[in-house]
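So, here's a batch of structures to check.
Paired with chain B in one complex and with chain C in the other, chain A is shared by the two complexes that follow.
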Partner chain A sequence: MEPLIHLAHGFGSVFQPVNLVVLVVGLVLGLIVAVLPGLTLVMGVVLALPFTYGMGIVPALILLTAMYVSGTYGGAFTSILFRIPGEPMDVPLLWDGYAMARAGEPALALGWTLFSALAGGLVAAIAMVLLSGPVADLALRLSTPEYFAVILLGLASVVTLGGSSLPKALISLALGLVIATVGTDSTYGAMRFTFDIPLLEDGIEYILVMVGAYGLGEVLSRVEQRTGGDSVQKTSTISTKLPSLRAITAVKGTFARSSILGFLIGVIPGAGATIASFVSYGIEGQYGRRRQELGQGIAEGIVAPQTAATSSVGGAMVPLLTLGIPGSGATAIIMAAFLLHGIQPGPHVFFKSGDIVYTIFASVFVAVIGMCILGYFAIKLLVKVLDFPEAITSAFVVMFCFMGAMASRSTVGDLWLIVAFGIVGFLFERYRFPIAPMVLGAILGPLAETSFMTTMISFHNDWTVFFTRPISGSIMAVCLAALLYPAYREWRDRRLVRVG
Partner chain B sequence: MIGPIGRGVAACAVSISLACGVAPNKAAAQTYPTRPIEMIVTWGPGGGADQTGRMIGKLLEPELKVSIPVENVAGASGVTGLTKLLGGQAEGYQIAIVTADTLALLADPKPQRWSLNDLSPIAVLIVQNSGFFVKGDGPLKTWADVEAKAKTTELKVAVTGLGTPDDMAVEQLKKRGLKLLSVPFAKPAERYVAVIGGHADLLYEQAGDVRSFIENKQLAPVLFLANAPVAQFPKVPTTKSIGMNLVLDQFRTIMAKAGTPPGPYKLLTEKVAQTTRSPEYVKFLQDQWADPKSVLVGDAAVRYIREQIEALKKLK
Partner chain C sequence: MGLATCSLRGRPCDLASCEMQFILRLGRAAPFLMVAAVGLFLYYVAGQFDFPARPGRAGPDLWPKIVLGLMLFAAAWGTLQALLTPGDPAEISLLVRAAARAVGKAEEAQQDLDAESLPTDQRQPLRALAAILAMLAFVGSIAFVGFTIATFALMLSIMLLAGYRRPLSAALISLVGTICFFLVFQRVAYISLPLGVGPFKEFSQALMALAGVR
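Up next, the complex of A and B:
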């Protein structure tokens, strides 16, 4: 009962006029940074931090928390409308989201993301309030074998991304993993595939692969199809479409799975929204009721990644507040804001500054709802973009892609790299090779390698540790099932055909 | 060069400085600086280097009367950001926070693409004691406990990376017959979870960087790499007190590119010297549990950095 009383006080604090204004500003800023590819959520929160120097601790934390929450949602717009993921977590979202938009339902696709963000955000916020203690203990029980197992589960989603051909998907994934190895090895500092080119020494940023292959690749495909003068569709009559209650009930299993997965993955230090989004999509591809139709523009393909991504925010807040351990880039900045105001997150923060903690909890609730209200009105305006001729929207896509390329390192070389990946994306589309596994490999490859190498060093190259520790062993079993089941299914189908 | 987003960042920083009461238009009469000075932080946001860069940038802005936008360019132990500084023009419009971890690469027998001669150190901004920490409520309580256990059982030490000063310190301790294994965790959060969660036995870190964990009793110091007891922990042994000649200062510097004209370089050193004497910076050093005499400017900074690199070379 006591937490609820504190939470009520927290709501009272959030609804103070100044705090409410700050919250709305944070939501809008979060949406903007998430929409712009290259200007990542973390970068946005970093840019906002100096503004909080002169604020009190409560509005400062409300601003950053609101940005964090809405930052997991804003990228959905560009993913679904232009096929440019604003953040890596938005990549799985575009597989079904963009397909649904191209099939004439952009407003519904955005409506599903809105509802998913709301559901995932609220479930995680409730879990955050009620389960902080036990979940914090769980975070401490995890180490690199478990981190690797979770990332491997994300990589295992490749089997659902390859479309009809698993071998093609695996080749594409291998290419992504090779791209991820370029540069300075993070463990031993060895140079790999750098060919004495200084630009390559720091590796190839995943954003170049992600934005190039999807965004530029799509524009090149449109050029080839010569669709320049037409608009995608006339949307003047389209209004924001929220899914019907019946449709929502039909995907309740996906909501439940994705919320829980997102929250738990958010708790793991270093995992966060991106891995949550990929793993959730992969699990949907394995166990979802309509797994065969995934990738063709169905609701489950939008609900799974978006719910998990937003749900991970609540999860990431738990180790920050209860242990003082920031599990993601954005929570590291929120922690910096705490420290700047002389408050140390950790086991004692609930006793020493409980009012502030519960204000943050309340701000997550209000931010999730506020973000959806903003999103609801934004959708109506944003889908109008599709009224423009494709030549014009394509020009904007190219501009956004180049902005994204320049954002991280500000080098002209990255422009050439993004063009190269645009051509790769185009050729993949042209010859029906799946792009998704390559992007998946480029994003998760470095994370997988680091956690694998650290485990090998820590356990003297004993690879069985992945299977003998209870939590990593359980996750590895799910990974193996995910990888082997399609092969078994294919073998069984062939056998049936032969018998038939 | 600054890209569109970079310009956006600069514009944002200008607006921040305006909000803070800085008036860039006053710079019109000056010859240097007449436009924003980019502060490259060679590590990611939120860490110690980032905090130092933002603090000094914030204090320098009103003095230099231009905005100083911070850009985090992390990667390859800080070399990526350093490469950005070295790739720019030596005009004084780019400065960088360079840490001991990056400069330690110069102690490696493997030649680097850069040397200290490519840089013009402006100042050493902060020097902190580093040491070893154990889990607050774990079985190991003191350095004596650590030594006793490590004689028979291998202990895991969470470090930032292999070949870094952290790892070198572990290698030196192994010469005392201790069974220690460096396990690299690049992200601070993972490093701290490793020890607090009981997955590693020891953590190598600067005390100031884990202050909140120490105050929350999640971590406890057991040994400092220092010649004299650390003020905040007078009872914790030092490497000198256990008979070792192993002192590794963790320091962060502010640098310009070599060849920066004398005028801008002189102005930067003067202003850094002035701002680091301000009460706000002195409090920052206190909060970081840093040496109150951390700041060294100009030639003194160059001498200190060279000495530290030479000391590291002897450990190799």
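Up next, the complex of A and C:
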């Protein structure tokens, strides 16, 4: 009963005029960044972060959450209508959504995505509210060795599920963790990796890492590929036609499977919307009633990936708000917004500042409904965004990045740092190193180091404590398995190729 | 064509193609070797941290050394993988690969995921280098020429480097963009901007007066 009362207060907060305006702005921006060529969801949320400096924590979090929610939906438009996946998570939508559109039913395909996003988003939001309390309660009982093991598990799963080779993902993570150590050590006052540069003595702000690597790095990569001159040719008739109740009832099994699966995958750090979307499509291909027709433009092929992708957002909020562990680029930025306002998300915040947490929960509900309304009525306008040449977007993104860096500490030195991280992001993209582990390493590094050092001090430098205590030992074993299994699979795949 | 015993494969092969293979593998290993060099240097630096050591208590160098150890291990693993195995490992997530394979769309998924990214040999790294130089020039010159001129130049150069084919429109858009950013900084975000020196400062001040900023 208590969560419902908190949630009601959360809705009250979301419906305050300022917060509601911010939510609508966030929804529109999220849809635009998902559609606009040259921008990705994470990049869009990163670029919005500096604008939240002057806001209170509640509107700041509402803005970013709304962008995150609607960003998982906007890419469906371009996938279905023009066969352009706005995000990797939209790729499975190409296979049935675009096929349905080509078969003369683009409006119905868009209607299915709208309904799927609504259903998946709402089911996940309910699950998020129900699950968060017990998880936070459990997290409160963890002592430092266990907490360190949980952080390590979060980082390990980001490395494992990130979609790159393990050595590359590990290097990216290690670099992020090293970046987090730069500056004056809080215990001994030792200068770490400052190289006598005064700017580095206060440490490197993780916002510079995020904005540089995601923003400038992506622009540099697009400049190298020189894809920015043209806009996309579009069809003139764009509308959304909602499916009939009978048709919806016929795919209720797909809705149920994909919502639950999407939510659970969202909870796992590093998994996120792309994996949810693909796995849900894969499950539909294995167990769906019409699995033989999948790929030919059937409703199940749209419902499964879209429901799971939107559902994963609610799942991803659970570890962020209850454990303080972001599992993706977008949730890392939402965590950054917390930290910028001096709040470290985790179980303590969940119980002490429940009003903030439940306002975020309520904003997910309102955002899911709001994005569907916007998607239904504003689709023609949103698709017009495709007329905008990518080169112009790139120039504005670069300036927004510099603006973000300047707004942080108002020093030119930060501009040098942001360019440096832009170059790192560009090199990472070129040599296919994932950026997310570095960003998560930079943001979780201080927390990981603090819990590690506290454990070492409390247990007289006995590192075996991480493995001998039952809970931390079990989590460490899962960590090792999570890291070793993909290595084994890679080795097995290579061996099969050699033999075959 | 004469076949000789290859040191890489341990069996007879065409030496020219084998040497090419070796060079390719070395190229793939190069980023890992660079990371290893940086990691070793930072490990050395971590050993030189100046702090009052307390007996039996871990110092501020312990955590960085553990992390750098992980980096060196990963770099060594990546180098060996690049040198000893042919081709790049799959670059999509294990679960995504498994799901796509389950519906018989493994290749299609890879193509669709890579659709936005050109193969390395079709890219134009000099353009990216020019964009990096433009950004560095922006940061280096902003204190001297002021925010507005530096911003205009950067926006214009990025647009042209990114492939925008109409220089006049690009200049106009850059001008409008610069004015917008200037107003947002000065009137909305209240962030003080570098005004430049000499005539550039006078120009910036004139603009500020026009925008009603003191």
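The definition used in the following text is that the second predicted complex is superposed on the first by the 269 of 500 C-alpha atoms of A that agree within 3 Å, B and C clash if a C-alpha of one lies under 4 Å from a C-alpha of the other, contacts with A are read in each partner's own complex, and residues count from 1 in each chain.
The rule is short, and it goes like this: a contact is a pair of C-beta atoms (placed from the backbone, for glycine too) under 8 Å apart; a residue touches a chain by one contact, two chains touch by 3 or more.
Worth saying up front: this structure is predicted, and the values here are computed from it rather than measured.
Student: Figure out whether A:A247 sits in contact with chain B (first) or chain C (second), or with both, or with neither.
Tutor: After superposition on chain A, A:A247 lies in contact with neither partner.
Student: Of the two partner chains, chain B (first) and chain C (second), which one does A:A336 touch, if any: first, second, both, or neither?
Tutor: A:A336 contacts chain B only, not chain C.
Student: For A:I457, is the partner it touches chain B (first), chain C (second), both, or none of the two (neither)?
Tutor: A:I457 sits against chain B and chain C alike.
Student: So, does A:L138 touch the first partner chain B, the second partner chain C, both, or neither?
Tutor: neither
Student: In the overlaid three-chain picture, which partner chain does A:M406 touch, first (chain B) or second (chain C), both, or neither?
Tutor: In the superposed model, A:M406 contacts both chain B and chain C.
Student: Per the overlay, which chain contacts more chain A residues, chain B or chain C?
Tutor: Of the two chains, more chain A residues are contacted by C.
Student: Check whether A:G203 is in contact with chain B, with chain C, with both or with neither, and answer first, second, both or neither.
Tutor: In the superposition, A:G203 contacts chain B only.
Student: Examine A:T187 and indicate which partner it touches, taking first as chain B and second as chain C; both and neither are also allowed.
Tutor: Both chain B and chain C are touched by A:T187.
Student: Could you look at A:G54 and tell me whether it touches chain B, chain C, both or neither (first, second, both, neither)?
Tutor: Both partners.
Student: Looking at the overlay, what does A:L220 touch: chain B (first), chain C (second), both, or neither?
Tutor: Only chain C is touched by A:L220; chain B is not.
Student: Show which residues of chain A both chain B and chain C reach, each in its own complex.
Tutor: After superposing on chain A, chain A residues 54, 187-189, 402-403, 406-407, 410, 412, 453, 457 contact both chain B and chain C.
Student: Which stretch or stretches of chain B touch chain A in the complex?
Tutor: 1-6, 8-9, 12-13, 16, 19-20, 44-47, 50-51, 54, 58, 72-73, 75-77, 79-80, 83-84, 113, 156, 161-163, 181-187, 189-190, 192-194, 196-200, 211-213, 215-216, 218
Student: Please give the residue numbers of chain A that touch chain C in the complex, ascending.
Tutor: It is residues 54, 85, 88, 91, 94-95, 160-168, 170-171, 173-175, 177-178, 181, 185, 187-193, 195, 216, 219-229, 271, 274-275, 278-279, 281-283, 285-286, 294-295, 389-392, 394-396, 398-399, 402-403, 406-407, 410, 412, 415-416, 419, 422-423, 426-427, 430-433, 449, 452-453, 456-457, 460-461, 486, 489-490, 493-494 of chain A that touch chain C.
Student: If we count contacts the way the header does, which residues on chain A are in touch with chain B in the complex?
Tutor: 36, 38-39, 42-43, 46-47, 49-51, 53-54, 139-144, 147, 183-184, 186-189, 198, 201-203, 269-270, 319, 323-327, 329, 332-333, 335-336, 339, 344-348, 402-403, 406-407, 409-412, 450, 453-454, 457-458
Student: If you look only at chain C, which of its residues touch chain A in the complex?
Tutor: Its residues touching chain A are 31-32, 35, 39, 42, 45-46, 49-52, 56-64, 67-68, 70-71, 73-75, 77-78, 81, 85, 88-96, 98-100, 102-105, 108-109, 112-113, 115-118, 120, 122-125, 127-128, 131-132, 135-136, 138-139, 142-143, 151, 154-156, 158-165, 170, 173-174, 177, 181, 184-185, 189, 191-194.
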